[in-house]
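Each of the two complexes below includes chain A, the first together with chain B, the second together with chain C.
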Partner chain A sequence: MRDTRSRLLILITPPALLLIMFFVLPMLNMATFSFRQGAFGEERHMWTLAHYREFLRNTAFQRLLGRSIAMAFETSLYCIILAYPLAYFLIFRAGERRVALLTLVLVPAWTSFLLRILAWKLILSSEGLLSGLLQAVGLLAEPKPVLLYSRAAVVVALTYSWLPFVALPIFAALERIDPHLLEAAADLGCPPWRAFLRVTLPLSLPGVVAGFFFVFIPTLGEWVTPALVGGVDGIMYGNIIQDQFVRGLNWPMGALMSLVMLLAMLVLLGLLVWLLKALHVELGDLIG
Partner chain B sequence: MSGFSVELRELTKVFGTSHGPGNEVVAVRDVNLGIHPGEFFTLLGPSGCGKTTTLRLIGGFEMPTRGEIFIEGEPMSHVPPYRRPVNIVFQNYALFPHLTVAQNVAFGPTIKGVPRAERERRVQEALALVRLPNIGNRKPSQLSGGQQQRVALARALINEPAVLLLDEPLGALDLKLRKQMQSELKHLQQQVGITFIYVTHDQEEALTMSDRIAVMNEGQVLQVGDPVTIYERPSCRFVADFIGETNFLRAQVVGKERDRICLCVAGERVWAGATEEPLREGQEVTLAIRPEKIDLLSAAQANGAALTGVVREVVYLGTDTRFVVILPSGETVVARLQNIGGHGLGEFAAGDRVKLLWAAEDARPLTG
Partner chain C sequence: MRRRFFSAAWAYYILLVIFLYLPIGLLIVFSFNDSPMVVFPLKGFTLKWYGALAQAREMLAALRNSLILGLASSAVATFLGTMAALAAVRYRFPGRGVFMAVSAMPLVIPYVVLGVALLILFSTFNIERSLFTVGIGHIVINIPYVMLIVGARLVGFPSSLEEAAMDLGATYWGTLRRVTIPIAMPAIVAAFLTSFTTSFDEFAVSFFLTGTEVTLPIYVYSQLRFPSRLPVVITLSAIVMTGSVALLLFAESLRRKG
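What follows is the complex of A and B.
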């Protein structure tokens, strides 16, 4: 008895220490920071709620947060819309080549993230591929950036970056489906589309949800992509957090804004999980 | 029309492989079968003989390379699985893991748009039929193998198909449960009166459950008949060997009488039953005789047409005793005697010279 307990302790200690050092302490540090007057000198030791008041008063912050949530949501949605048919094709149509083809989908993700975003900047620029194409078909009179420095450019670049990470969990979920289940559905009277709605889709839903989380969470805090291709219109909440730390040197405000983002994320994800659970019960009655 | 529930005409299925031509597998070869309405029909054969493929062809999950399938007189070549009047019970059951037992069973009626109240009543009926009334709210993963098997059965039967296809449905169950489910299935089939096409590689299961059996090997149907015919009058060596235990002896046709044939085996004359196909004098055949049809007498006692041999091995099996006898030709014959009244057990020992006797109609000359 004593033995198992001490062994458990030994097993648990290293990960617990890691978690405390690299997750709990930084979080606490950030939380305390949001109450400091400033980041340096005297101000570091003065406590205040001023930043909270400022955040609540500044509707620009809130609007930006709302917009970033919408952008993260859109990006996740587009990723799923593109990745699902891709994964479906690989599993059900590509046969033995499926793993080779999946690797091809993943290869771009092995190159530098920054490089890929810069590539998009080139594609969308006035001398870029899109501009050239549109000129060639006569839709554009002169070299001009297409989409560049806009909200749309950010969503396009982000969707492109995250696509493989959504394809992967959906691929895995579809791969786990026993082909006999689809035959059983056909046997019980389902034409292919109804078998898809009643069997394939519900069974692959966990992969879709995982893919959604993979994209939504990092995209909400994104700042590099909007900084590179977003311009003024494409700015995201992450950019103003970065401003607080790097340009404004207002670390307490930055910490507070990060905390708010974290909170918003938790609430949204909780809502989503709840919605999915409620939906899952009714799914059978709702579809085909 | 033909009056058959299911009819297969020259059904052939060739699987190509992705490794190019020359690697084709003929899984089913020129199969002709007529299965009567309400019949318990079994496809029996060793692993890889094409049983599952035949069943999948009937269900519509594979397209035939050649030949045609008729279900209730209708040709099926352009009918997809979801419009065929058959249901299948898969070997691994293939229950939907995201649905409850009741939702699984209700799947067919739901797709067909049966109103909720009637659907629920039929689910109750189907679950009662397979004797699983109180587990509707559970998920398949919370059931034992035997329970899953019954749910799969209920999910198929609720659709009242013309034909039920069963692919080794008891294969995953332990021996005791298997025996119990065998008799339950048989009763169920008689109760609902649906044509069953049942796949198994277990000869005992086939013999005890079936109205008729088709014995398959390498994609071909070798013999079709009721269990007694299959066991007592196998048409070829493969069938005789696959079902039960059989001695095979090299023999030559010597002569014929009205309903029996005289053969020469190991230099001695013996009798066998007449065959449907005519045999000529001097023809080489294989004499097939089952161990339990052979009687042993001490060499001194018997006279007349019989083989003589030397006992090599005696094995006590409880209800009977198994003797391995060597003939002068070097061939071995197995005989089983029931342990009754001192005959058999203790009567002969290894090294004894014995005569082997049988009734002519119990021995069959085989040409194939």
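What follows is the complex of A and C.
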């Protein structure tokens, strides 16, 4: 018994210590930092609620957070709409080759994130692929950026980046469905569309929910994609956080903003757990 | 009827694959394009950008930094993550739920929040930013992935094997070394490779934690504003992309075999 305990302590202490020092502590430190006057010199030792007042007063921050949540939601939705038929096809129509065909879809997601966004810039810019194509068919009179530097460009580039990550959990969820259930439905005279709505879709929901959050979490915190293809119109909440540290140099304000994002994320995750309980899904099933 | 649906589904699959590969293909095409401008129309075939790579000293230094950082941070993340997975899967203890929740948290925290929090921490304790601080960020990001991959493997085989070894007189640490770790090895290697490629490509957190020695993604980001440097950047990226895809295909095959 004492042996077991000391073994456990030896195993658990190093990773726990690292996570406490470099994950838990930084989060708590960030929370206290948001009460400081400034990041440097004397101001570092002065405490204030000014940043909180400013955050509550400035509705632009709140609107931007709302807009980023909407953009993350939209991106996740598009990914699911595109990935669901794909996963469905692979499971029910592709036969033995399904894993190979799925891998083919996943490979682009393993390439450099920055470079993929750069590629989209090349597609959407004024001398880019889309502009050229539209000119060739006569829809565009002169070289002009198409979509670039807009909210839509950010959503397109993000949907592109995350689509494969959504296909994966939906694929896994559909793979677990017992084909006998569908046969039984057919034998009992259930038309295919109805079998889909009442058997396949409900059973694949855990995969859909998992896919949704695979996209939603990183997208909500995005600042790189909007910085590259978003322009003024496509800016996200993550960009104003980054701005506080790089240009504004108002670190305590940045700490507060990032704290708000953390809280927003935890609330949304709480919602997820509640939703999954309602759907009678074990959290562990999502990872599969 | 059925036949027609079948081909419509194939058409959809093929369209999606084109959509997914087009941007990447474009970059590879431009790496062979005989023009200093990365714009259409294409100007003809050249290998000069591949030749120019050897002279791009700053970029090669960034590549070297990224390789060192990737190897070191994923080695630490794999080591610590495997320990954590062993503890979480093989032991029942008070606070296990809290431990698992905290160690999975980095998965659900936006990277900008993690980057900013670590930046403030290092500044609070006057720790100079360097490759080391970037590495800390990458270790925190990768531990949950290692725990998931290795943990899944540990759940997959019964602890009775370990008990048998110990009944036959092996010590606990001997059993770990000669039974548990060898069985979990495919997952451990897969976890290492996954961590490595994550670290190698990571930008959003690294941006906040980097010092004067930049990583490859940070170098690439800094070059995006200079159109004349783009061809060489794209060319190196084409090579790196090919390499990382090969590495991940290998990791994936290990994970599936496991």
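In this text, the second predicted complex is superposed on the first by the 253 of 288 C-alpha atoms of A that agree within 3 Å, B and C clash if a C-alpha of one lies under 4 Å from a C-alpha of the other, contacts with A are read in each partner's own complex, and residues count from 1 in each chain.
Just so it is clear, contacts are C-beta pairs under 8 Å (C-beta built on N, C-alpha and C of every residue); 3 or more make two chains touch, one makes a residue touch a chain.
Not measured: the values here are computed from a predicted model.
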Joint occupancy of chain A by chain B and chain C, clash or fit: fit
Touch check for A:Arg194: first (chain B), second (chain C), both, or neither? first
First, second, both or neither for A:Leu203, with chain B first and chain C second: first
Scan A:Ala39 for contacts with chain B and chain C and give back first, second, both or neither. second
Partner with the higher number of touched chain A residues, chain C or chain B: C
Could you tell me if A:Glu96 is touching chain B, chain C, both of them or neither one (first, second, both, neither)? first
Would you sort A:Pro14 into first (chain B), second (chain C), both or neither based on which partner it touches? second
Contacts of A:Leu122 with chain B and chain C, given as first, second, both or neither: second
Scan A:Ala184 for contacts with chain B and chain C and give back first, second, both or neither. first
Minimum C-alpha distance between chain B and chain C after superposition, to be given in whole Å. 13
Counting contacts the way the document defines them, which residues of chain A are shared by the two interfaces, the one with chain B and the one with chain C? none
Quick check: in the complex, which residue numbers of chain C touch chain A? 6, 9-10, 12-13, 16-17, 19-24, 26-27, 30, 37-41, 80-81, 83-84, 86-87, 91, 93, 99, 102-103, 105-114, 116-121, 123-124, 136-137, 139-140, 143, 148, 152, 172, 197, 201, 203-204, 207-208, 217, 220-221, 224, 234, 237, 240-241, 244-245, 248-249, 252, 256
Once bound in the complex, which stretches of chain A touch chain C? 3-4, 7-8, 11-12, 14-16, 18-19, 22-27, 29-30, 33, 39, 82, 85-86, 89-90, 93-94, 99, 101, 103-105, 107-108, 110-116, 118-120, 122-123, 125, 127-129, 132, 160, 163-164, 213, 217-218, 220-224, 228, 238, 241-242, 245, 251, 254-255, 258, 261-262, 265, 269, 287
Over in the complex, which chain B residues touch chain A? Could you list them? 18, 59-61, 80-83, 86-88, 90, 92, 94-99, 103, 107-108, 110-112, 155-156, 159
Any idea which chain A residues touch chain B in the complex? 95-96, 178, 180-181, 183-191, 194, 198-199, 202-203, 284
